[in-house]
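Two complexes, one shared chain (chain A), two partners (chain B, chain C).
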Partner chain A sequence: MERWGKGILILAMAFLFAVSSFTVVSGQDTIKIGVIGPMKFVQGQGHWNGATMAAEEINAKGGIQVGAKKMKIELVQADSNEFLNVTDATTAMERLVTKDKVHFIVGGFRTEAVLPMQDIAMENKKIFIGVGAAHDELCNRVARDYKTYKYWFRGSPFNSTFLGRTSFVHLATVGAILKGSLNIPKVKVAIAAEKAEWTEPLIKGGETAIPAMGMEIAGIWRPSPVATDVTAELSAIQRSDAHLIFTIFSSSVGIPFARQAGELKIPAVQVGINVEAQKDGFWQATRGMGNYVATMNTYARGVESNELTKAFVDTYVKRFNETPTYTADTYSVIVNSLAPVIEQLGTLDPEKLIPVMETRVHKSCSGTVAYLKDAEGRHLHELRWGPGFLTALGVQWQDGELKGFWPNKWKPAPEAPEVTYKGMVPYKIPPWMIEKYKK
Partner chain B sequence: MGIILYYLRKLLSVIKNEVLVLPSRVVVALFFLFLLLLPLFTEDPYLLRILTLTSIFAILAASWDLLSGFTGQMNFGHALFFGVGAYGAAMLNKYAGIPPWSTIPLGALGAVLAGLVIGIPCLRLRGTYLALTTLAFPIILMGIVFAFPDLTGGELGISGIARLARSRVANYYIAVVVMLGLCTIMWKITDSNTGIIFHAIREDELAVRASGINTTRYKLLAFSLSGFFAGISGGLYAHFMRIAGPSTLEVSMSFQVVIWAIFGGVATIYGPVGAVFVLFPLMEVLRFWQDYRILMFACVVLLILLYMPDGLFRWLRDKTEKECPRCKIRNVAMRHTCRICTAQLD
Partner chain C sequence: MNLLIDIIISGLISGSVFALLAIGFSLIFGVARIVNIAHTAFYMVAAYCIYVVTQRMGFHPLWGMVAAIVLVTLLGIISYKLFINPIREHHGAVLIATIALAMAFQEVMGIIFTGSYLSVPKLIKGYHVILGVKVFYQQLLTFGAALLILAGLWALLMRTKLGLAVRSTAQDREVANLMGINEARVAMATMGLSVGLAALTGAIVVPLTVLEPHMWMHPLVMMMAVVVLGGLGSLKGSFLGAYILGFAEALVVFLAPMGAFLKGSVALSIMILVLLIRPEGLFGVSFEEER
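Entry: the complex of A and B
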């Protein structure tokens, strides 16, 4: 009998524990912002770090003025675990919305997870500002069914079409530098794209855009996203006499590719997208062999897209000892996008906030934010790309430091004014390439 | 009125003589009642979401048990059936505009086809070889999904498909009623002559063949049935989540099913179902300690398997009930004599 009693006691305790974990007490005088992302990964850490900085900064000033009262920000962290389990991501979102009763949500990364997460937020009429997923479909839903999806906004980065366009601009820029500096009559481009579906449109785009830029395609190489040895691909690229390697890497292959290219002193420069090269640890991971590798990025130390960038990057570096990545744009989303609109209207009501948010043009730490409409004039809540708005950066590893080289006297159109961000440095060609081509 | 009273008396008699005599049956009856009556007490959308997903995965886990637990056809690629059911339902809904109540069974028929497609070449394989071969099939299908992105949505999956139902409570009831119904059917199958043959194939296939039974037919039947039930769960999942993506085919999905089944106890049907109802909500409960959530989950699973190698629910059943050595009828553990044949139990 005593044994049964103990069993019942343990069961009762477990039940109480379970009930308590399904119950959340919410604060009334705070603005609750849910930060959802893969918290065990750098992307989620970026989400949380950016939001933490934003909350600390706003709360240090007493909070956000909502009508007659000041309300502090309370962040609620939700680990979406979306890289490993999409179902987990949706339950995390449901918890944020229905248990934690957050007013706004920021974050999300993997599109396959963000789509159902978006549905949950929309069903509950919560403003969800995406910081991480770049797929166009997320915003196309707003145009197709505005009444349901109007609560979604893209916070960062701009969509994958614009990401592709930016990387081609970088390619053209570096191609022109090579042509001018090394007197190469026709620049040959090797496309090195990891074997993943997201790279397909970029490869297809490259096949059209590269010849249109007056360059020649030397070949296409598709290493595995998790390859640890790419010497075969690099040797083939070297034999193809390519001058430029257009990289399309988001996975770990970006490290061995850069390291081995450096070790073999392949006489071709790398430009495009290499997510690993955006991280501070890249230099160490490649043991310095990643020198001269260029990639698209959102932030770099010493580079200012506008007057807000420096303070953000410096504070972030000081606080977290690393350069912010684009998922840390949760900071800008809270400080520059949400807070001013809440103060302006004095309400947390999404129905009142949305009309202002979708038409408002404002500065964020990475440029000027404005939202696009589609060809039929329907709201997309999609970020505007281009000079004067958001452009991203072209960055290059130069002797252990990630330096910005683009936009630097960039003319988006022949009659357009030049665009240069503060802190830009000239693009550097590797010395072994100069040695080979400069007569 | 007389007929109603007759059936009522019969029901009470069944409850008294068949259900209340064994703790396991009482627990199952309470479990049915709890799930069916819960929305009368709470309509908490978070809780209902967890239990809806739990019910969907319970069908999946039980379907694995039907194939691998009962028939011994070790399937490490069960996500294939789930994914085919999910993609089938999503594509039929998205491109043909067929409503969920039709797309789910049609998607499940697709999974049956998948069951036959992998069942036929795998007939000659056993044990580890079969397990490793089946592991490859969802990976192959994922390759096909990525090869035809215009049709399958590629990495993004097929999104924006119709909801199961408009309200969360209705979604919950659909998932729970389907789960209770299908699991009962699976349990009845395992308890039937077919189930006995499944058992026998697992224990000694040669002896079954020597008895004149076409084991090939029964193994294909097991693959098809398991594929059908897993396909139903895939279809339910797709319409509940409103997306069918590559994550439904991931290797982790296949292994999760195996973990659930082994945790609960294989070759039981109720074991995997109970395991999902313990482990899936447990992951949510563990959100309070986010950093160590997966680690704690792993510790719980390892501890249970260390001390209860036959599975949690088998262990619990063996602690509360004992089998009569003479007539093989189960009795509550406190009894000293069998409730049917009065033989000594101790």
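Entry: the complex of A and C
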């Protein structure tokens, strides 16, 4: 009986080991790419789905030409569980580089977890292309200590500073619409930012940028990232007579905030960053009460940043039955950034790939990728923001569909030409706002 | 004046949610000395039951509530029989077993529903404006339910035979046994009642919140704070403690909006402060007197 027990235990352990080392395609002549992210969550699923699509597409063509031979892509999944435990993220990264011996790593989401993950990848001299975390520090490290951190590249999204810049453009755009349509002489803005590291520079930026845009700050509210009831905050915002709520949310609080604001018909529109509102599931999660919520986003059905967007979005929707979010940019990172450079140089050696990767300008599914240098001319491996490069989108929930409203005749500078992406629609003001202000 | 109204209404609403959770937890501790860490995990399971019945099967939320209460109560009784009863005399082991139980529920829900954020429809849609403050009907229902449940529990404990048995067991388990009360059965019935209350709370509160497998953790912390503040095992204390912490949260949000994320921490600090002055909590039995 005891022997049986031991046998079952050994079998169970073997099964668990096999499951934890889940891989797609296995073989010796493969390029192993580690995909790391919170796999039980939508963000990690985006990482995996994007990478899967990339691997399938490349492998269907026989693989990547590396010198004289064609090598297929082998994906290795690593669950970072970084929303719940940063230590799990570092363990997953250790496993990718030591046990799985991957050639490249893509993914990561929370800055707090990506920073230690980055250290592990750098120690092991593995090219790690971040798809999720936005903090500037991740790339500042490259400039400060190039020798150590040169293996890091930002894949998506662009950094917090540029995220802030884009969301302030959205804020100004919607502020002008409110002012013009509802005859509001001075638009009041409530800043609602979750308590998290990445939101700090955006709040600071907002405190300067909002008055500079001719608007007034009505107050700053900092709910917990995992708050489930924000009715008290919303009551306070309503009391402040804010017309516009500048949201800075990447966690679950974005759902109750949008849902409860919609249900209570708070007469203030939401613009800014609400990561939950970027997902198709937002409509169900808010039970349709997230209507008119606007957020920055990378993709929206029917919107084309360039000629690569449509094919990617359509195939992704067909394959996974949902619109890709920015963590699915693992696709572009593999297909548009990594694979062409490997083919061009015919090697997997990071020391040879990095000098080409950091100077190469190429198209991805969300725009044109180019890497920046800092003021002293040092490589940052930081994505370039702006018209002609990456700008992201301003999207709004309109009756169950996520529609693009920006850039739409956007003039980045008075003399600059207008920028409009294909598939843009006008921004819509919630009817209860019109009812309140348009007499 | 407006600010005061905001604080009073928000405090009453938050306090009612805490009270609903804390009463059930306090009940099972008072009667059987079981610290059921899985209490809010049962609340989470109830939430998913309602989701399945309303969203996957398409039934009215009322049926979801009924199904959740029945199924989760059954699950609670089975869990008690299998995992808690055999180790009941070892309080530390019970504590650890209920933590494990909660984690198991969390993982099972994670496997079935993934980590995606979900929601369920409200039983009563819309809101009412009270003195200029918009309050969801569902929040009013929560407030009413908290008062009704306390009244119902009081009636059950004071006016029924089962209540007499529960009170006797809570007072002195051995003497109650000697007087012919089947103490084990009373403990099981109380566990069923306690878990049923957790399910009911889930049914009422969940339409106001977001479903995800870790949703039991934050309410657990607040519930523990409430029962420790009110006095472990004291229903009256739990009720009062819940509203004290509810008002503390509302004060933070309205008076220090930049520190709204600190509302939980402030509530916990109040709990620590009260414990420093009165270690047994507001209405608890002092530790020295405990059996």
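As a convention for this text, the second predicted complex is superposed on the first by the 408 of 439 C-alpha atoms of A that agree within 3 Å, B and C clash if a C-alpha of one lies under 4 Å from a C-alpha of the other, contacts with A are read in each partner's own complex, and residues count from 1 in each chain.
Definition applied: a contact is a pair of C-beta atoms (placed from the backbone, for glycine too) under 8 Å apart; a residue touches a chain by one contact, two chains touch by 3 or more.
Because the structure is a prediction, the values reported are computed rather than measured.
Contacts of A:Asp119 after superposition on the shared chain: chain B is touched, whereas chain C is not. By the document's definition of touching, of the two partners only chain B reaches A:Trp198; chain C does not.
When the two structures are aligned on the shared chain, A:Leu84 is found in touch with chain B and with chain C. In the overlay built on the shared chain, the residue A:Phe41 is in contact with chain C alone; chain B does not reach it.
Shared-chain residue A:Val317: touches no atom of chain B or chain C. For chain A, the partner with contacts to more residues, out of chain B and chain C, is C. Of the two partner chains, neither chain B nor chain C is touched by A:Ile184. Chain A residues 84 lie at the interface with chain B in one structure and with chain C in the other. Residue ranges of chain C in contact with chain A, taken from their complex: 2-3, 6, 9-10, 13-14, 17, 55, 110, 114-119, 121, 126-127, 133-136, 139, 208-210, 212, 214-215, 218, 249-250, 253-254, 257-261, 263-264. By the touch rule above, chain A contacts chain C in their complex via residues 38, 40-42, 45, 83-84, 194-195, 219-229, 231-233, 235-236, 238-239, 252, 255-256, 259-260, 263-265, 276, 281, 284-287.
Residues of chain B that touch chain A in their complex: 44-47, 49-50, 53, 146, 149, 154-157, 159-160, 241-243, 245-247, 252, 281, 283-285, 287-288, 290, 293.
On chain A, the positions that touch chain B within their shared complex are 17-18, 21-22, 39, 77, 79, 84-88, 90-92, 94-95, 98-99, 111-113, 115-116, 119, 135, 137, 141, 196-198, 200.
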